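One chain, chain A, appears in both complexes that follow, with chain B as partner in the first and chain C in the second.
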Partner chain A sequence: MSSDRRPWTFFVLATLFTLFVIFLYGPMISILILSFQGPNGSLSFPLRDPSLMWFGEVFNPSRVGDVPGAFSRSFPLSIIVMLLTVLISVTAGFGFRRHFRGSTLIFYTAIASLIVPGLVLSIGVLVTARFLGVSANWYTTGLGAHLSWTLPFGLLIMFAVLGRLNPSYEEAAYDLGASKWQTVKEVVVPIVFPGMIAVALFGFTLSYDEFPRSWLTIGTKNTLPLEIWTMTTNVTSPSLYALGAITTGISFLVIGAALGSIYLIQRKRAGL
Partner chain B sequence: MNATIDDTNTAPNTAPNTAAKTAHASGSGEIRLVNLSMSFGATKAVNEVNLTIPHGSYCCMIGPSGCGKTTILRMVAGHETPTSGEVFIGDTMVVGQPPVNRGTAMMFQSYALFPHLSILDNVAFYLKMRSVAKDDRRRQARAMLERVQLDHLHDRMPAQLSGGQQQRVALARALITNPKVLLLDEPLSALDEFLRLQMRGELKGLQSELGITFLHVTHTQPEAIALADMVVVMDNGTIEQAGTARDIFDKPRTPYVARFMGAQNVLTGTVDNKSGTTVVLKTASGEALEVPGDRVNASVGEAVSVSIRRDLIAVHRAETGSTGDVNTIEGVVEATEYQGNFVKIGVIVKGVETFVANVSDQAYFAEPVIPGDKVRVSWNIDAVHVLAKVDAGNEGSPYGV
Partner chain C sequence: MSERRSFITQLQVAPLTLVLFLFFVVPVALVVIVSFFRYQMLVGLVPDFTFKNYYDLLTNPTTWALYLSTLKFTLMVLVITLVLGFWLSYFLVFHVRNLVVAIGLFLLCTIPFWTSNIIRMISWRPILGREGLVNQGLQEVGLIDKPLDWLLFSDFSVVITYVHLFTLFMMVPIFNSMARIDKALLEAAIDAGATRWGVIWNVVLPLSKTGIALGALFVVTLVMGDFAVVKVMSGGLSGSATSGMFNDLQFLNYPRAAANAVILLIIVMLIATGIFRLIDVRKELVR
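Our next item is the complex of A and B:
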């Protein structure tokens, strides 16, 4: 009997896992296929006379919603959320390393905020902003609402990353005459940099496709997820799918860039 | 609780009296700990320790985990601030000063090489922090790498090196600071047996070449014995004994040291008869132990503990020896372990912990014994070493209490 023959359980588990992956990506693949629908095609299968016409339609504000305008708000918002999430999570992560009095309570409070329903939070932000006399805009209330969602995630990741950082590195730097600032700049940040990229990635993607917390907080002009939601109620052409394909593509690009840079850093460290 | 022992009282041949010390060269790497204590909450990790480690010596601190040896090392290094007491390096009280000002450098247990820097930049790190120009610091770092025979690997990343190579990089990175004192935290524990012995030799060679003080924390007895000019045995935050490796091994002061160093059997008896050149002790189970009279100060009726080295004990089958001899105990062989040049024989003796004899292989195979045999263990009166402290149990025993 050959030793490299796989047991029957392998095939069962492989099938199960394949089904799981199809389950995860199936809906997205359907959208992607239908975005190439022809001029006479409907919103559902089958695909007739494949074309790229609906992709062109996306950028035509008269026919569908104002996609370029929504993107011009969503993209900067996500970038700002990303930068602030990295900055705040990393500095907070360093602060929590010192185990100050009450740090555990603050940590759990920060994490527990994740259970607040997004729509309710959206109302809360709007009401509070009205009370304070702040007008609702993507760069004011919208930004705040998004940060309330991304910061706990960023904090959790930084905890995991800094928790694995061996304190000997900092001690070794101190032993070799580095100041506190030099230790952060020359040793700690370079070592935890892949973790910082992960935080940035989360910050960006969570903000980019956030719906509930954007609902009432972004003011009169929509971000991309709200624009798409509006379109589902009044646009009845496959351009909806084309838009879905484009935004998903952008998300994948961002994720790819982030993972790619982490990979390159690890590769360099392994000296390859 | 063990009493604090000041090595200047207990080990006169290792360090001069601290009070008599007045002046040092500015570059002296003498380490002096004065009433040094460190508490973590209610736990006293280090308790009123006094110790002087002479300049240029190789000192090994040994003890079970949690005995305070690493805490002392870290207090000398400046990575831990003592609760009370003082640390002097040369003539300077260094508590509160950063490591670089102390003239110490530390080699960490896990080496703590910076994973994002090449080994050249790891070694040059200290110079970079001092704003030495790039070309200059790289040249110096390469010279240091050459010294540890790793110059050919200078552009590698730490993850690409073997354990032994990583250790050499850590050594080079510490030595480039030109320290008076090198602190080593269990430096050999991550290496396999073969490399450990090789690196052990290299450390010793480097220390005598540099002439600076090495303070090396270990939990391995043979390592301490092989390397150290001065061995410090610790337990429960206090120093049990500080002295030369030979003293620690051959003339342990306490039952703890005798057992912990792993080479001695400890017996306790009360002084029964004190006449002339020999003193007779009676053990709890009635055996008579003869001890040279000049080694015992206790009077009749007082308890005395003695230790006998494993390799100075003879083992014979019970039927071949004559009964009722002094310095002879009967027991049953528990286990034998062939070690090549000797055989380790464990003997169960009533009223005593397992008695261990290391018998030369010739002697053993001339009269082999197997587990279950009744044997008589005996030793010469000169082999009996009197301990300064009466045994209070199995302290320091590898078999536990």
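Our next item is the complex of A and C:
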């Protein structure tokens, strides 16, 4: 392995890897291109007279669906889910550093919540709402259904992050005369912060794109993934691709912001 | 002091416990309860304790056919994602020498995970459709005279989409396990006379066991619980375990949908317990 000549497997696996990346991104890029289809263009290649018309069509409720309305519910929902996911999984992550009664039970409940089929949970939350006599809404049942999916992810990330936070670091800080607040600010937060951004990224994107857990739980007004789901059967124009390009663009902005800030923090820390 | 600490710990975990209880434990428990209820036209749920829903489902050949179809998809996707996940991770961990490059390539694979599954699913249409890129390409080269019909709205397109969406769930845990393998171990094995295949088979594979198990858990539960991909990408030709549930829900037959959900849940949980028997996930995660 330490020899400088690459073994032949390197070239085989490098090819496999390249093909996989093309397989991963190719379809996404193709709908991005086709979203610029002209008025006579179809749902497939070639691209005829490129235009922006289908992007305008996305916001035409009579032709497509209520995309702005769906977005006006999806976006705040994802933001709330993101904030709650960070808050709850970070505090819980710290709680799990100590052994306490029921810790194993709660851990496995979280894992079970992660792997339970989304549709099953959707039915359950709707039935629960019925028994309680409340109506399903994106900011009540929808929010809870999303949290039951994002929190286990957040918890697992916090486990990985806090696994690296050796308790002796904090003890060392105390021994050197740091106050409790200083220890948190100077020792704990710098180590945990990139992990918190990762949790936020998961919280936002998982909620923003969640379909099965939203299906029965968000009530009568659709969030974006449900609106897109309806469109996959109703809309036969490239405006479907234009909407896909827009929401993927929003996802990429969020991913870029999260990864970029983690990168900046790491660089700043390395520079210290 | 320690009592106060443990109180604080309880307080820290309380919000998580509360959400899991309200939006996971109670809903799943109610699904189980409702599965024994009776369904009446126009009325909907009628409290009862009947096995009729289960009896209806288990004696209906369609249910068995749907579960068999799901199982077929699950196994196919499991094998493909396992092979891909293993070798892609192996490439990143043992072949890419620069750590920054390896992390960059790893992120390149993970970014699509944070985008919409539905959009990624429909993005296969212009590729696989009758007028899609693959058919256009093959016709241009002269390999076929008329477009292939089985590329889209078939089992083929369902499996392709699953692999596209879920390989990452296999790759990340395997990558995580492999990255922890001490490279000196591999050199020791080679010094002791092992071939490179011997090293992969006897050292790398056993040490990636945890990742493989976790990845398999994710892939199995995702494929078994899916209903969007199989509905859209098979063009309604194939069904899955959830298709029956989907239909019952549209007729507001919650009891039978709940019974179907319980059956699916039992199968998924059996597979999960089987996997947890093999490995102690929590210990592995904290390690």
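Assorted remarks:
The rule we apply is simple: the second predicted complex is superposed on the first by the 251 of 272 C-alpha atoms of A that agree within 3 Å, B and C clash if a C-alpha of one lies under 4 Å from a C-alpha of the other, contacts with A are read in each partner's own complex, and residues count from 1 in each chain.
The criterion applied here is as follows: a residue touches a chain if its C-beta (ideal position, glycine included) is under 8 Å from a C-beta of that chain, and two chains touch if they have at least 3 such contacts.
In this text, all values refer to a predicted model and were calculated from it rather than measured experimentally.
Touch criterion met: A:R269 reaches chain B, while chain C stays clear of it. When both complexes are overlaid on chain A, the residue A:N137 reaches neither chain B nor chain C.
In the superposed model, A:A172 lies in contact with chain B only, and not with chain C. Contacts of A:Q182 after superposition: chain B is touched, whereas chain C is not reached. Applying the stated contact rule after C-alpha superposition, one finds that A:T230 touches neither chain B nor chain C.
In the superposition on chain A, A:P190 contacts chain B only, with no contact to chain C. By the touch criterion stated above, A:T248 is placed in contact with chain C alone, chain B being left untouched.
A simple residue count on chain A separates chain B from chain C, and the partner touching more is C. Chain A residues in contact with chain B (one complex) as well as with chain C (other complex) do not exist. Those residues of chain C whose C-beta lies close enough to touch chain A in the complex are 5-6, 9-13, 15-17, 19-20, 22-28, 30-31, 34, 45, 84, 87-88, 90-92, 94-95, 105, 107-109, 111-112, 114-120, 122-127, 129, 131-133, 136, 164, 167, 183, 186-187, 190, 196, 217-218, 221, 224-225, 227-228, 232, 242, 245-246, 249, 254, 257-258, 261, 264-265, 268-269, 272, 281-282, 285-287. By the touch criterion stated above, chain A contacts chain B in their complex at residues 166, 168-169, 171-179, 182, 186-187, 190-191, 193, 265, 268-271. Taken in their complex, chain A has these residues touching chain C: 1-2, 6-7, 9-10, 13-14, 16-17, 20-21, 23-28, 30-31, 34, 42-45, 87-89, 91-92, 94-96, 98, 100, 103-104, 106-107, 109-113, 115-121, 123-125, 127-128, 130-131, 144-145, 147-148, 151, 155-156, 159-160, 163, 201-202, 205, 208-209, 211-212, 216, 225, 228-229, 232, 240-241, 244, 247-248, 251-252, 254-255, 259.
For chain B in complex with chain A, the residues that touch the partner chain are 77-79, 98-100, 104-106, 108-110, 112, 114-116, 125-126, 128-130, 156-157, 159-160, 173-174, 177.
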